[in-house]
Every structure is written in C-alpha cells, then in structure tokens.
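Labels A, B, C and D are assigned to the chains in the order they are written; within every chain, residues are numbered from 1.
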C-alpha cells in the first residue's frame, strides 16, 4: 500500500503541475496510514518529482526514510494539519494565480458554480505570521495557529502567500484544489460584472451536494481525465 | 448513418475538449434519426471519449445499446430538450469558464460580435433547481422545467452551473457553443470598458444574419479548422 | 517574385494563426505587383492555407488564377483597400479577442507601449453596414465606405466584428497587427487600473518613432521569431 | 568561467522566452567578471539565441568579441546599469504583458505575495525619454538618467515601454523578473477586487524575507524547474 501511495503522490504532483496549480513551488503530501507520518517529496518542483524523491516524515519533522534528502522549508504546513485533523489524509499547499488575489483583499471566496459547493462553509484566511520568515510558515507554533484557522474547513487562504486544500485522500484533495481554483477565476469575473448571486448557504452545505460533487463516478472520471492529460516522460 | 453519427459525436467531444469548452466534465449528444433516442458517451471525460464509449439511450432514460455502461448523471438535460424540440438534433452541455460568470449575475448575454448574432433572441437562465441534487439537473421534472426555459432559443444558462447550446446538427451545436463562449469573453471585456453598444435586436434577429454566420461555406471551413487542430491519438 | 509572394502569404497566414490572431476565420492578402490584383487564399482557415490554396483575384472580384476555387465571402475588404490606397501592399482582416471589445464601446484604441506608437494617428471605427449581410462586409459599396473610414490610417475597427490592418508589405502588416493586438490587451488592463497616460500625439506621430518600431533590424528579428515559432507541418 | 557564463546566458534567454516574459523583443545580459564589459546576444529574439550569438561588449558600447555582429539598439540599458551598480551582475530588459499596464498608470507596483517581497522598497518609473527615439532608450545620457531612477532598487518600470530587473547573478535576475511578472498579474486582479492589503513596508523590506525568497534551496529548485521546462532543440 505504501508503494501505491508513493506512486499516487507522484501523479498528484504531476497533475497539479500540469494544470498550472503548482509551478516551481508548492507541495502536496499524503498521510502514512501506518504511522504518525506523511509522505512528501524532498525539495523539488512538483512537475519533476519522481518516486525516488519521496521521503517519509514524522509529524514532528523528523525524516524517517530518505534522511539525506533536503525537505521543503514549509513542511510544518502539512504536519500541523495532520496533527489537528484526523479526517484529513492529503494536503495541497499551492499559490494558484486565481486564488492569490483573494488572500490580500476582503472579498470572501464563495461558491459560484456547482463543483465549488463543497466550499460552502467558507474559506478562512490565516494572517498571523511570525515575523522571522515573512510570509513563509516555518515554525511549529505558526503551523499550529494556521491549522487552527483552517478548523473543519476544506480550504484556507494564507494572506499574501497562497492556500491549503485538504481531502480524505489524494484524489479528493487534488480535485478540490482544482475546484477552488476554478471558482476563484469565475468569481473574479462575476465580481467585476457585479451583483453576484452566491449560493444559498444551506444549499451549498447540504450533504447531497457534497456527495454529488465528490461522487465516486465523478471523481473517477476526473481523475482519469487529469492523469491522462499528463505529458509522457521518459 | 448511425456509424457516421457515432464517429461525428466522438469528433464533437474531442473538438470541444481541445478548445477548452469541455474539461473533465460536460457532455454532448446527437439525436438518433431513426428512434426517440439519442447517442451520448458513457460517463467519460469528453477528451477521451472513443466510439466504443457511445451508448444509445431512449428519451425516457433507458439504455438501448451499451446497457452495461454507466451513463452521465445528467442525461435528462439532453433527453428533455429532444422531447421538447423537434428541430434540435444535437445538444452541448458545458461549463465554459467565460460563460459561468453570467450565470450568477444579472448581466444578460448579448451579441457583441457578428458570429454571435445567432443569440440575438436572448439566452435565458434556468434557476429552478430541485434541492435534492443541488445545482445538478437529475430528475425528469427538473429537466422539463429546464427545457421550458430554453424555449425556442439556441442557448440557455444554468444558474451557478453552466450552459446548454443546441443545433440542427452536431456541427451547428458545436460551432454555436464556440460562438457563445467567444461572445461571453468579448462581452466581459466590453462591459468593463463600459458603454457597450449591443447589436440592434432587429439586426441580430434577421434571417440573413443567421444564414451568413451559419452558411455552409463558413461551417465547412470552421469544422475543418477545429477538427484538424485535434492532437493525434493512437 | 510571384512565387515568393505566394510562399510569404502562406507564412503570414500561419504566423497569424499560430499567434492566436486568426482562428477559424479571418484572412490576409498581398498585392500583385504586376497587376490590379491581389493574392489571397481560397475559403480556408488561415492555419491550414497551403500554396495551392492561393488564388489571384482582380480588384473587381474576378478570380484570375484558380477560378474553380471558392473565395472568402468578404474579399471586398481587401479589394476596396487596395483600390483606395496605393501605398498599401498587404491587408490583414482579423477578429482578435483583445481588439473586439473596443469595436463596441467608446473607448478609443490609443498607444500605451512603444511598438504601438505607429497607431498614434488613431484607429477609426467603421459602422455603416448594409443591412443585408449583418456585420459582414460583402457589397462593393460597403467596402468602399469602409476603405473611406480607414483613410490614411494603419488600422481600423469594424463595429461588432473585427479589424483591418494594412502595411507596405506582408511583414509590416503582420507585425503591425501583432502590435495592435498587444496594445489592446495592455490598454484594457491599464484602463481598468485607471488614469492612463497615453502617448502624447506629437510623440506617437513622429517619423523617428515609426522608423524605430518598424526599423529593418527589428522587423527582421521579429519575422525570424514568429516564423521559427511555427509548428512543423508535413 | 566565461564559457559557462555564455551557456548560462543562453539558458536565461530561453527560460525567459519560454515563460512568456521575452517574446520577439527584449534582452538579457551578464557582467564579464574580468573586465568592464558584459555578455549579451547580438540582435536576435531571445527564444532563438545560441552561444554563437553571444558577443562581449565594453560598457562604452564597443564590441570586443564578435565585432561583425549587429547589437540590439538599446544595449545602453544594460551598460548604464552596470556602470552605476557594482552589485549588479545581470540585467533583464523585458516588456512582459502583466507589467506594461503599470508603466502608464499611477498605480504603484507593490508586493501582494511572498516571493515579490523583494520589491518591497518600490519599483520606480523612468519617463524622461529623449524625443529622438521615442520610447526607446538609445543615447548614453538617456541610459544614465534611467540608471539613476533605478537607484538601489531591484527593478524599475519604463513608461509606456517595459521594465528592467537586476540581480547579483543571472539566476537571481531571471527569478526576480518572474516574481515581478507574477506580482503584477496578481496585483491587477486584487486591485480590481478592491481594498488591497499590501505588505507592511518593514515586513517587505526585512533581510530575512529576502533571504527566504532568494534562499539557495529555492533558487536551485526554481532554476531546475524553469530550465527543465524548456522544449528540446536540435
């Protein structure tokens, strides 16, 4: 199972890179089902992550497998979320172009199309950075504060930096990220046209909506789509 | 003829995917000229639909050929339109990025360039969803209400979801979809510049205009263009 | 020389298609230096024009070479301009996305970056269409009225339709089209930011500026760039 | 070392072209560590620059190696900056689409995401052009005035023309250019949403922030990313 998770993590990296969500920076992780640990690439751009780059890291930051590899500077983003959220098994940390503008204005991200209904309970913004590393999230305490702002939500914004999206598994986290990115793009255009009719809160929050959007048939279809779109690599 | 329709349906799927109209989701169908039925892919992303994915479905939702295949959840969108419109032989259901913003604001889609003159009679918006499946259109009654809003128009918006475009044939439905998508993009920019001079209603509605835009020579040229742009697949 | 002109015309078609200026529609022509005639493709999308598609057409619309080929419906756009402007040897008729919004609003196209200084004398808009063919330009009289609005300018807008750009040769017409398209994109963003500082008229109109922007060294560099960017075709 | 610099300069040209920063025009240079001179391509579009195109030019404009090659018209942009700034070893002169709108409005470029914190001390605008060459920078005096406006900053705008970005080395100059371009894109969207919360000046200017953004690990990861994204060329 661990082998499969490593392969899926590589695919998740490549899909997010191929769709323009992760560029030279950003990262994605998946929880190790057998320990208080996660799998994540060593410091490498998502587009070029290979299975040999994947390390296993305990939630306190100790590198368990791949100890000679250099990790990303912000692994606490992932570790703090796993520590706080038992229901989360995958985390995407990204700086998608359509999302960043919302991190520095008062306009809230709200669903404007059906697949983003899963964000109907809101997308809170973290802004209580430690001064030391600017807008990077590096210390354990900073990570814990960040995870507290995430709360039970599916996504959060990081002021003047980016966003985190979580899921019960890699496919859910990746597809939810794509839905968030699309929603931010469509909402931006709608805001400029003016008079946006956001989803009714009750509607956006209904379990049925969530089931429809993340129904196995849809997830399977989308995952085939995004993974088949990947360019071949030798 | 049925064989040819299946092949054309695959091309229509690929063209709409290649032009960024259909991504991981959305679907296109064509009427079976010999029965109260339609051809449509099984649940698969349009970019990767093959002839073997095409099923034949009666207008009541019964799968006639390909009964072991899983259909899209929203086939009633297509079936309800065919039931209501004898003149329609092809339907595109899509979530094109440039169109969605208009589905959640009061700005009406109106022609701003000559090829969109075919939408001069308006693009009505459906918003009377059943609560059960959120912004998806799943029940027969919901589909019928949606088709009633479409009326005699060439296109309609689905609030907070997407859009349907119809045509007398696959080429017309596909090219009309592309014209709608381009118009929404240009209109958005024009709205922001301000003081838009929309087409005069009489002008947009004249039969001659429609003939010019959908003249056989233009349709043939455009169809060659969009189908030759498709990447080769093995 | 005629052979060379046909080959250059094919390259011009492909460059404009490859840069997203001409899609399924639009056309480019070059004057026949030996007669009151022009070279232009038969009705075919610019991306796929080959030398065998090029026809020779007199300025009255008579097809001189390639008489069995079906011409574009709007060849009068080109013919009327050649009839009116001895200094023009190439014409691009296009519907570039960044330009169309300006054709339906009162915002004038004005230079906001150095390479668009060649449009410092203004980009007038034609809107006196014959009713018969909607926003298409089909009759000789319509074409002449259109050419009269162009006057001595390098470019004009066609209300709710597109734009024409002219040049002393194919390279100049193509590169001027690209400069117009870029300017419209940048100006749009500048208009939205607000308080645009357009070029001073005298500055934009100075001969030196024009020489700098269309200097042989720059034209040569750009032409190499755009033609080398073309995908290989078999 | 000189050989290596020439190869790196070619890569820098290709990376900036591949990311859409440099198109048919624009140029990048690197300081010759052994003389008052720089390496820069002869007049050629950055996408197609090869090592054989690289010339060595003294800061007074004399071509030292490759004397039969035709230089870009605006080499003084680079030379004037090297003359004024001992700490600068690489210069990018570009016309990136997202940056140009800021050169003709009063909206200042200010950091809205963490990687642009390096521009926290401001991005001044040069507008004191000589009339003779319009918005091109050609004379030595014009170049010196331009370098004076740059001052100690990492980047400057050129009114109605483009932008210069400098760095301690090629990688820093290229990655800083990319950060500036992304910031301008995100800031544009944020400005339109309204109520932008720019970085606190002290925060943006802190040494730690700069170190984090330009930390060797990040630079190495990004450089691998951008250079591996280059299409293969024969």
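What we mean here is this: a residue touches a chain if its C-beta (ideal position, glycine included) is under 8 Å from a C-beta of that chain, and two chains touch if they have at least 3 such contacts.
Please read all numbers here as calculations on a predicted model, not as lab measurements.
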{"item": "Shared interface partners, meaning chains that touch chain C and chain D", "value": "none"}
{"item": "Fitted rotation between chain B and its twin chain C in degrees, CA, nearest 5", "value": "90"}
{"item": "Copies chain A and chain B touch via same or different residues, half shared test", "value": "different"}
{"item": "CA centroid of chain A to CA centroid of chain B, Å", "value": "32"}
{"item": "Distance from chain D to chain B - Cα centre to Cα centre, in angstrom", "value": "46"}
{"item": "Residue numbers of chain D (touch at least two other chains)", "value": "192"}
{"item": "Chain A-facing residues of chain D, complex", "value": "111-115, 117, 182, 185-187, 189-190, 192-199, 203, 206, 208-209, 212-213, 215, 217-218, 221-222, 224-226, 228-229"}
{"item": "Interfacial residue positions of chain B with respect to chain A in the complex", "value": "23-25, 43-45, 47-48, 70, 73, 95, 97-98, 100-107, 131-136, 159-162, 188, 191-192"}
